[in-house]
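Each of the next two complexes has subunit A plus one more chain, namely subunit B in the first and subunit C in the second.
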Partner chain A sequence: MNRSPLLDDPSAAWSAYDPSTDGSWDLPRVAHLHRRAGFAAPWPILQRDLKDGPGPSIDRLLNGESEGPDGQSAASLDATMHAMATQFAATNNLGRVQGVWLYRMIFTAHPLRERMTLFWHNHFATSNAKVGNTALMQAQNDLLRSHALGDFRIMLSEIARDPAMLAWLDCTANRKAHPNENYAREVMELFTLGRGRYTEADIQQAARAFTGSFVQNDRFKEVASQHDDGEKTIFGRTGRFKGDDVAAILLEQPSCAEFLSAKLYRHFLNEVDPPSPELIAPLAKSLRDADYDIKSTVEMILRSRLFHATASRRRRIKSPVELCVGTIRSLEIVKPTASIDALVQATERMGQSLYAPPSVAGWEGGPAWINTTTTLARSNFVLGLAGKDGGLGNRFAPRTLAERHHASDPSEFFVNLLVQDAFDTNVRGRMRGDGAATLVMTSPEYQLA
Partner chain B sequence: MLRTLRRGGERLLALGLLLGVPIVATAQEVPGSRWVSNEAFFYAEVPHPVSAIDRATSDRVASLLKAVPGYQKALEGPDVRKVFDVVNLVASQLGTTWDKAARDLTGGGIVVAAEGTNAPDRVFLVMTPSDVAFAEKAHAKLLELARADATSKGNPDPIKENEHRGVKAYSVGANEAHAIVNGSLVIANSGETLKVVIDRALDGKTSSIVEDPSFSERHKQATPDTLAWAFARTDRLRTLDPKRYAAKPDAGATFLFGPWTEAALKGDWAALGLTWTESKMAAELSLATPKDGYSDAMKRYLPAKGSGAPRPVSVPNAIGGASLWRDLSSIWEVRAEIFPPETVQGLAQLDTTAGTFFGGRDFGTGVLGALASRWNIVIADQDFAKMDPVPDVKYPAFAVILELKPDDEEFATRLKSAFQSFIGLVNLGAAQTKAQPLMLGSDSVDGLSISTSRYLPEKGKAKGEPVNARYNFSPSAVQVGNYFVVSSNLQLAKDLVPALKAEPGSTESTLLAEVSGSALASILDRNRERLVMQNMLEKGNAKEQSEGEIQLLLNLLRYLGRASLSAADRDDSAIFNLDFQLDAK
Partner chain C sequence: MDSSRRDFLKTSMLVSMGAATVPGFLASTAQAAGRAKSNDKILVVIQLLGGNDGLNTVVPHGMDGYTRGRRALRVPTAQIQKITPEIGLHPSMSGMGKLLEDNRLAILQGVGYPNPDRSHFRSQEIWETAKTETGALDTGWLGRALDAAPTPVGGDLPALHVGSRRLPLSFKAKKAEVPSLETLEQYRLQVAGSDADKRTARDSIDAVARLDRGTEDPLLGFLRRSTLAAYDSSKRLEAIASKPLGTSKYPNFGLARRLELIAQIIKAGFGTRIYYTALDGFDTHANQAATHSGLLTELSDSIAAFHADLTAAGQADRVATLSFSEFGRRVAENASAGTDHGAAAPVFLVGPVEKAGLIGEHPRFDDLDDGDLKHHTDFRRIYAGLLDQWLGFPSEPILGPGFTPLALMKSSMS
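And then the complex of A and B:
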């Protein structure tokens, strides 16, 4: 695949995509937008957005729609999901809590928000394997969702008080006599600056600022008597800093916006071609200028020429959650959808167990998603949707879906729905018969976003 | 018109579902039963099909079935609709409706039999109409339509006609032959079988199954209310399928059902009767005891006459319960004989460790040996209004009642101590997961001290925050005379004190169990929101779909009313009764 020349021309790369000069607004572009900014879209949504053009389509993704894929209003789904999360969070049954999130991703009217919640879950990676408390994990998930497209400053400040995060990093009793450096280290290395952009002294001083943080009865508590109120020097600044002050200092560092922008680039654009500092600089500037408002930076990405460039397509590997939720949404398996319990198991077999990332660094992603075991699991998921014996419930009837959309050639329909321009004429010609949809979904191209 | 057809279709499918269950009898002789040889290995009769049709097509049952998602889907399927259309077309051509036709065609009763020594060679059904003229007319109409259909498609005549001793026989394939014999429609698995049945009907000389003493003795089980009755010669089935009957039951089945599995595998016959009236649905299964009696090991499962399972204990807000007679100490002695080696190995570990909870007593003689043979489990609703905090998911309370042998007073103290050790272990686990601990305490009723425990409330919990299901439990233990109660909840332990002081007494049964469908439905109803959400995740349903499925479950439980199960061991058989006192509302 060709590398986009825009990668070497930052100014052109981040300028707004114009269909009249940068390539027409066609089905592959619409599908690419939904694969990256949502979880893939069903045929009617692709057709609607093809007709409406990029502006309204991106607006809808940024702001959410009024109805989910099953016609349920966004407000009604949010209420149901809140009740469901409340019901199951206290059970300490991880599978149920994972299921609640997958259910929400399938039915959401705001797929970009869920996608960003997943992004932050990987960014602030916290695992129930150590926290051992699904109520805290659910509360963290709610926190990430509420700021998913909001203010990173607030999110960073709140994550420092999040009981699940503190339990995960062994910081449930941070006393001034023994400052715990875990959170101070992770907040610099993984949450804001990146490795090598701080000193050990910065960590030690920041750790003092975070003393007095406790988790008691599953709640965050500041214990003033355990806070080290002395002067600290962090990144050259001296004062009687507290945790929030550390967050503010970190956000002031130029590398913070660069680090976050590079992660957003990898998430939305490209995990194959590493970006140059020059390419990231305009994005980072936008993030800083917007005072760390995430939505505006995401918007800049989604409206850019680089995003809509043909060479940007299929430069990412779908994560297991993206694959499962995207497949279900695009195949309109929503009334009813697949067994969520079976879906939880399927994503786990593919290597992604929600609320259980493998380390503080989250899931590695990219080519790490693909190995012999996970490839088999991906195929089994697809076969399970159409199969009779799979726990996924035999929910997919290719012929019925094709007929619903008056497709004269079902094989052609599934290629257009699922992979568009990924197949050349030769490969398209081989996707024939009743099993065409399954062939498409088990192809290497379908594993790419 | 379409609506009428649909309504008719629904009722027809309901009937079909009913006839799909194992069939079967009455105190009266059903026409055709004398045509079954005493060499049959399976016999079934439906003496009053009209009652069955009435029950299955009643508005209550129809509305319940209608709410079953699969049923509704099946009704809408093209194949089922095609069948409905054909049936309704035939009925309309005969100037009747399908349900009247079904009643007229089957009103005299139905008999099904299978015969054969090495294989099920002869299988036939005898259906006796209440209106023979109508049956002949219907039969002629069906032949006419089948022939017309074949002609229109350019196919040869699908019906072959024969005659045997003046009786006209018809066949639509190698595995089907039928005739109207003495006013009954006989459908057989081959022309040969049909000839044999015609001969028996005309000659009346066969050694009929109805004259077989083992059959007629069992047939007394049928009453005028019996909807269906079946009889199987398991000794002959063993010859037909020796592999299946040579299989050894697994350890769990042996422990739970010991002698009954032996009866099923080694007995000579089994009989099943089904009853379904407005107010009751019941099944009675009898299994013959093996000809030479049970093995010595299995005899240890059987109570002496008159001293079987204890009577159910009555407490306020009872939902149900079970009682059992089982001499565990005696069974423990023969464990190597009745269980597979891997289970025996597991039991050896239990032997080594379990005794430590009871002051180092030997598990077999010191622990099981101190227990008498009467066991009781009680399930009751809880008064959640009196609870603080109130758990989000609301479970019923349950208690296990052990009867102790009177000559070992120290054992009850050991049990109390084991209960407290158990609470300590739970707290150790809770400390590891930072869950709330159980606080030990005591209470008293009628001068008896109850060891109790309660979960420490969570501090600083805001109103509306989820409350863990653990607050359903306040584990308690109390000794009442020779009974030792371990209860999930203090109130139930208290309620059991006067009930046990009244001494429950014994029954003739080995096992008794009962449950109130309406009480169960109330509990489920209280947890409806959780059940709906669970259903959404398990099945991927939308909220409305899940709500519909849960509502159906509640309706079904309420309809089934009070259910009871009993198992009694007699000299010649083991008898199982399952009863539902239906809610007619």
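And then the complex of A and C:
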């Protein structure tokens, strides 16, 4: 593996990628962008973006497109999905609510926003296994989506009032006499600063600031008489702090922007080789300078030379949701797409149940996605798509898809659509015949993003 | 060269490949992608849901308290399979009676925990977390055991839940994720077509993963090894599952089918060491006799078939099967020919037990706790024995202090 010299040169790493000096804007670059910033892309979008160049391609990912992969307008799609989600959430049927989100990711005109919603779901990991109320889970999901590329400060303040989060952390009745330290701890350890960047005293003091928070009849309520309005000292600052004051103090800590930036780095760039603090510093600075506007830092990553360097390719393992949604989008299985139940079951068998992360720390990701059962589940998902029946089968005809895009050699078409430059010559030579698409998608290379 | 030898060479080749090319965090996963050692001990847990009536399972037919408490539901002495003059097995449990004769069944009497809770959910939580303090629900006892073991990324799963119910709390862990498996299909590469087509398709998929890559990135190498290990597992199961139909000696019960699946996985040489399944329906508040008898038949015949299967495959000495319920029933039957929630009850352990037969005294009938049998053995001592001496996980960090392990299995832990 070639180590990119950019890793040791942060200012060059984060400067903007220029096709004339940093390697041409070719198909592997376009596909890499869509794998990382979206959920892979179908052939027409890869071709369009190849022609339009990096600028407009990245703009479209950041801002969303006017229509989704099945031709529906973005507005009508959002409305349909919202209606479906609300209806299913009211039935407390988790499988349906999970399925609607998978559909949203498949049909969305703004894949980066869905991807970031998933990122925040993992960051503010909350599980219905404990909350037991899909309407609250859906409301949290809507909250995360509305700020997914927005202002982290607002998202943080709203998550402290989110009934699902408070139920998850046993903070539905935070009384003055017994301050609950759970939220205070998680907000520092998992949401803003990272382990070891605070003291136990900071947590105890912050817990007092969060007293008076209640969830009653599934709604957040502040009970003034249960709020401890005495003086607290947190990170060396003293005052009659409330919960939002704590959030503001946490956001001022240098480690907050560093922590979030390192997480964005892992999500968009590389989850196996830990970055140096020097490499993260410019990202953190940009996040702070932009007052925690998420989009500007994501944009900095997506436009960077490091992001587009060949050594940055395939440094992540696709999560089950990425694999599932990305495959369906790439293969244009949208009219009709796979059944909700089949998709939910497939991701679950691969080890990822939406709205049910295993712990407050979310899914570990990376190599932890992979074991005997999940590997077989990944292959069986692909084989299901290639099959003739079930909730996945009979929707994908490799030859028809290749012919629609005027490809004379289907195996070449599927290599270019799905893995581009990932195979060495030996492996490339094995991709032959009618089963080429299946062979590509069951290969170890295809599991990488 | 026999197949296990060949597999061993393949495994050590994978491992050494890993050692040569895999840096840091991936190295251990290369090891984990190998197979279980053939002498690794296996634990199978069967949880009886609903609160099994221990008194009509291991029946103290010769004790006054039993005959006084059970009138409609009394099991006639003549039908009971005697263990001692006073105690014997319910007539539906001939399969387990045979295991007893073969010295493969230990029955621990009077098992429970202090201040018994008579709510199903709460008592199941206590048994599954092995914690009696309220709120301690973040992990189960086996989940903590899995967390304490090195993360086996990339290889066979350390534990498996078999059945369609939600994952048992026992398996809830901070790090480890235990999957649920309903059918063998999920464990097989599902290619379509004729048998010949399937073979060709599997071979081509496998060949892609097997091909040497010129310069191999460690991450890709890890995925390649994991993929090969998975396909190899699938093939091992295929070989077992493709045996002609009609050879199954299991009775036609749900539990039997789940145990048969577990046996198939064990016989296929998987590294999975902890299996968990459940049998529901023991909450017999009314007209208990027929229902309970049916459940005991299912339990006993299924376990007997499982044990026979493992014995025939030469695997029976590495498998311990534990069966428990969240509580027993009250001594006195109710007015609906049923029984209500109680406390202490017997626990079954099948396999190479240290001592077969009854272990511990039957709880006294003249010293009841509000009409319920009192326990004298904390269930966590059984867990401790299985963790320490059978599976080889130090039990104290998992269960907390004060639970002296019971030496229950003939163990060769060294």
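Rule of thumb we're sticking to: the second predicted complex is superposed on the first by the 446 of 449 C-alpha atoms of A that agree within 3 Å, B and C clash if a C-alpha of one lies under 4 Å from a C-alpha of the other, contacts with A are read in each partner's own complex, and residues count from 1 in each chain.
By definition in this document, a contact is a pair of C-beta atoms (placed from the backbone, for glycine too) under 8 Å apart; a residue touches a chain by one contact, two chains touch by 3 or more.
Computed from a predicted model, the values in this text were never measured in an experiment.
When the two complexes are overlaid on subunit A, subunit B and subunit C occupy overlapping space and clash.
Legend: residue contacts after superposition of the two complexes on their common chain; A:Gln253 is shown touching neither subunit B nor subunit C. Once the two complexes are laid over each other on the shared chain, residue contacts for A:Pro444 go to subunit C alone; subunit B is not touched.
By the touch criterion stated above, A:Ser296 is placed in contact with neither subunit B nor subunit C. Legend: residue contacts after superposition of the two complexes on their common chain; A:Ala135 is shown touching subunit B, with no touch to subunit C.
Of the two partner chains placed around the shared chain by superposition, neither subunit B nor subunit C is touched by A:Gln226. In the superposition on chain A, A:Ile340 contacts subunit B only, with no contact to subunit C.
In the superposition on chain A, A:Arg96 makes contact with subunit B only, while subunit C stays out of contact range.
Looking at the shared chain after the overlay, A:Thr86 reaches subunit B, while subunit C stays out of its contact range. Of the candidate stretches 164-172, 218-226, 344-352 or 542-550 in subunit B, only 344-352 runs into subunit C once the two complexes are overlaid on chain A. Here subunit C touches subunit A in the complex through residues 25-26, 29, 151-157, 173-175, 177, 179, 181, 186-192, 201, 204-205, 207-209, 211-215, 217-220, 222-224, 226-227, 229-231, 233-234, going by the rule given at the top.
Every residue of subunit B that touches subunit A in the complex is listed here, in rising order: 392-393, 433-434, 458-460, 466-469, 529-530, 533-534, 536-543, 545.
Of all the residues in subunit A, the ones that touch subunit B in their complex are 70, 72, 80, 83-84, 86-92, 96, 99-100, 103, 132-133, 135, 217-219, 334-341, 343, 393, 395. Contact residues of subunit A toward subunit C in the complex are 1, 272, 314-315, 317, 349, 351, 358-359, 364, 367-368, 370-377, 379-380, 383-384, 386-388, 424-427, 430, 435, 438-439, 442-445, 447-448.
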